[in-house]
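As written, the chains take the letters A, B, C and D, and residue 1 is the first residue of each chain.
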Amino acid sequence: MNHQELLDSLYQKIKNKPDKGKVAKYIPELKKINPDKFGVNLFTTTCKSYGAGDYQERFSIQSIAKVLSLTLAINLVGKKIWNRVGVEPSGDPFNSLVQLEFEKGIPRNPMINSGALVVCDILISKLKEPKKEFLAFVRKLANNNTIAYNKKIVASEKAFGFKNTAHVNLMKSFKNIKNEIDEVLDLYYHICSIEMSCEELSKTFLLYANGGVLTHNNERILTVSRTKRINAIMQLCGLYDEAGEFSFKVGLPGKSGVGGGIVAVHPGKYCISVWSPKLNKKGNSYKGFQILEQFTTETESSIF
Amino acid sequence: MNHQELLDSLYQKIKNKPDKGKVAKYIPELKKINPDKFGVNLFTTTCKSYGAGDYQERFSIQSIAKVLSLTLAINLVGKKIWNRVGVEPSGDPFNSLVQLEFEKGIPRNPMINSGALVVCDILISKLKEPKKEFLAFVRKLANNNTIAYNKKIVASEKAFGFKNTAHVNLMKSFKNIKNEIDEVLDLYYHICSIEMSCEELSKTFLLYANGGVLTHNNERILTVSRTKRINAIMQLCGLYDEAGEFSFKVGLPGKSGVGGGIVAVHPGKYCISVWSPKLNKKGNSYKGFQILEQFTTETESSIF
Amino acid sequence: MNHQELLDSLYQKIKNKPDKGKVAKYIPELKKINPDKFGVNLFTTTCKSYGAGDYQERFSIQSIAKVLSLTLAINLVGKKIWNRVGVEPSGDPFNSLVQLEFEKGIPRNPMINSGALVVCDILISKLKEPKKEFLAFVRKLANNNTIAYNKKIVASEKAFGFKNTAHVNLMKSFKNIKNEIDEVLDLYYHICSIEMSCEELSKTFLLYANGGVLTHNNERILTVSRTKRINAIMQLCGLYDEAGEFSFKVGLPGKSGVGGGIVAVHPGKYCISVWSPKLNKKGNSYKGFQILEQFTTETESSIF
Amino acid sequence: MNHQELLDSLYQKIKNKPDKGKVAKYIPELKKINPDKFGVNLFTTTCKSYGAGDYQERFSIQSIAKVLSLTLAINLVGKKIWNRVGVEPSGDPFNSLVQLEFEKGIPRNPMINSGALVVCDILISKLKEPKKEFLAFVRKLANNNTIAYNKKIVASEKAFGFKNTAHVNLMKSFKNIKNEIDEVLDLYYHICSIEMSCEELSKTFLLYANGGVLTHNNERILTVSRTKRINAIMQLCGLYDEAGEFSFKVGLPGKSGVGGGIVAVHPGKYCISVWSPKLNKKGNSYKGFQILEQFTTETESSIF
């Protein structure tokens, strides 16, 4: 069975199963999405793309964008970033303040909200027009100038983002936020509001499978070493408190978002992206997780 | 030795001892105060006043004002207040977010910052002009129309109050704050900025020693039962994480503030107030604690 | 209404109300007790005793005995005891290990299990025959040589006391337990197994109401200062996580046990003891709490 | 440069650098080891072995043995093991009780002490002679009948293992330990006391690099799926609170022990073992970590 046949077959099989997940409630704008949307795309480092279902329809990539902002920040400040955010798994639900207070305002890793807020603070310190420049960076990775922020999502998240405001204030009290709180939150919500289709998402993340080099023009974005660093962070911290389960069942570095997207990276080979809005109890796409598990099982492509 | 002689004698004795305390650092405006200020005042329910040192000079009463805002809130909403804030000691440093998160946004008591913020939220919901009406209430208790907010202190606290902003946002995320966050914080900082002298402070707190009735005009402000409730809360929660030590050494319900003030209440008999800006490791006035301890020891007036 | 009439009247009134409490499950031997037992006794410092219901039937005083072991330990080592156990409320459920680990093996106060275990360790270090000598001490306070340990209760608690074993091992790892773990636990369970009737319990605790002096022979057991210390500890830490509620509703220092007993002390005046095996959600006797609340309300004898 | 030359070169380079690590203090018997010992061994799935330094001298493998006991337990009870121990990183120092209490006695993963104690409990329930049968299992994997427990190490650890006793009692209170506590601890300390050389360790772990099959006789020990599961657990949880750093710098699943050993697995290719007793701040061999990092960098064999 070739890649396209496999995706089609897995898509059909899982589409018709009951979906035990639930759409995230806390961002009102996201609740408007049709919960039955389901798509999957595979993009190889040899630039071949395979898809099934709603894989060309855009959705809110949410926390998946934290990998992209981390990438830009690492390129701007290098190793110094690790003085302000760690690289270890959190072992806690993703929005807990406990550990952040215990560890004096240093988030455990850049994939949890507090860590991504520190990354935003770094971008603001280093960029003249952070929102504009971040979007330009993403468009370059995606080779697509239509990628954009969704202002409705930004407004919807801001109106209910009290926990994030608590995080950023707590870190400010520990002097680990240097800029104005409102500006940090504004950039954070913009970054999370980016919309992509599964196919665009795979394409954008292809550099992590390709040693840090864009496949469409051979431009190096990250050193090999930094690419490994980011893949390692995704492996250990990318799936909230389900990283262990994902490592076993899917066996690839990956990152999920509350919008129902998950992207996974096979170093040297491919990226695979899925979208299905209903989430399991740990906050990851229920059907998305399933199709990734079956894909890497069928193709025997776990890295372990 | 009568009361005046005793206060004079204790004042002299403790004034000349080395002060191991340190002025609080985190509110810049408070650091401008002369750290050697030291005063004490005793006010009896029979309306006799005795003082020594700087007992007629005003200082920032800070957290002591939390007792007054609690009093007003209890009168406005009655028992329902206990659905939104507890009455048990916290067992934690006074600004910890851990317990608040664990207990889903319900602060353990109204003497810690988070609890006082909920009380402010209640005042805003119930009063048309909360700042004006709260000040009028305090002036009535004090029988003194010159009591006022200090706007410089308000501004200074707001500029560095990131932990309080974190608290109030966390509680908002649990729906235990109903009003706008900025309005809640604004009222909170105004309440904490009230200035009184030791003598004015004793006079204002006399109602808690007098069964809820103002001594100057016999107006009942609180029921007997609510007066006991507030005294019990001061006993268990009024001295941050030093309530046990204070209960043993002073043996009276009391409340301290970061400005270096402490007020203690002997039900049926008197109020005693002290002011000395340098704080011990638990955040309570170093010399203030000492003079209270020696006063209740000499007069054998512990309630235990 | 005199004391006897008041106790009779309150006893009748509360006896006939539905009991919303539940008997503690975790000590099998205690589950054999008739859950409808209910007694109350008042003992004045003038040596008058009043009782109603099952006030002369013995029950397992359990944690109430922690006050007695603390008393003996303070007399043996003085102030040094406070290097190994604190005096502040815990703010946590009574059997939590979290705070103990955070505070490096120093329990917050001697009324929680870990604190009482440290007290046992001190008794073992200072006494030749700890079990025998402790019992002799209690018999002296009670003026009653029939007070005894209940070996069945000891065995029943040992068989299920895994949390206590965890506590004592954790403290040993922080070097805050000096003796053999098994010996510490053996003494602890013996102390908790003491049985008294309400009347015997009131009589035994009378010294705390009487400034440290036994009423039956005027022997001084504690200094006035240490008596106040113990009363302050009971006030702040004696009712697990319900100390604030008890301070308001009853308004006296007190100590409860999982066997359904509560004793409260009015300094200078009396002791009052209650027994009813069904416990409220915080682990304190449901009807016992109620009768104490109504008694101090009727007699206006809150210390606040 | 071939494998042997590379190992020799890295060994010389790192041997002569200053060692910033410190030997673990809490197991007295381990302090007797010469802290300058240093060895490394590479064993390929094609059964070629390369070594440098003290790679044929045995040392206490300590926590590394947790992978072997997990392997045996999975084979005995299958998936049911995950009802009693999780697969997620802990995000906490490896001996913390906090999370264990919060999560009701279910350890986060089988690599932390509490998780390994649950695994021991399972072995006791399923095996007639657990110590004997476990050792036989390890000897089979190692193809070496001289592998043995070190009784002195067992005794030394038992005498100071108060935290482990606390863990196992806490879990027993949550009913997640079924057998006698002393028996569980005895098996645990025996397992940790196993001694191997680097070469024996690599050989023993070769099955995880070889899809679950022993290389010396082609016997299948684990299914492919369970092998991946164990590798994923090592990747996320094998290096205490340094898993993220190890994933980036070494880029392989691995497991460390307090005796100064670390083993890492490259699925499909090889195992590499190191030994150097001085530990970094996170409790992992200082020089061991360095030589692994440089080896995978030189050979470009990170899985990311």
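Assume a contact is a pair of C-beta atoms (placed from the backbone, for glycine too) under 8 Å apart; a residue touches a chain by one contact, two chains touch by 3 or more.
Computed from a predicted model, the values in this text were never measured in an experiment.
The set of chains touching chain A and also touching chain B is empty. Taking the mean of the C-alpha atoms as each chain's centre, chain B and chain C sit 32 Å apart. Distance from the chain B centre to the chain D centre is 56 Å, each centre being the mean of its Cα atoms. Per-chain Cα centroids separate chain C from chain D by 48 Å. Shown for chain A are the residues in touch with two or more other chains, of which there are none. Chain contacts in this assembly form a single closed ring in which each chain touches exactly two others. Applying the touch criterion to all chain pairs gives A-B, A-D, B-C, C-D. Partner chain A is touched in their complex by these residues of chain B: 96-98, 101-102, 162-163, 165-167, 169-170, 172-173, 181.
Chain contact summary for the complex, chain C toward chain B: residues 86-92, 99, 108-109, 227-229, 231-233, 235-237, 241-245, 247-248, 251, 253, 267, 302-304.
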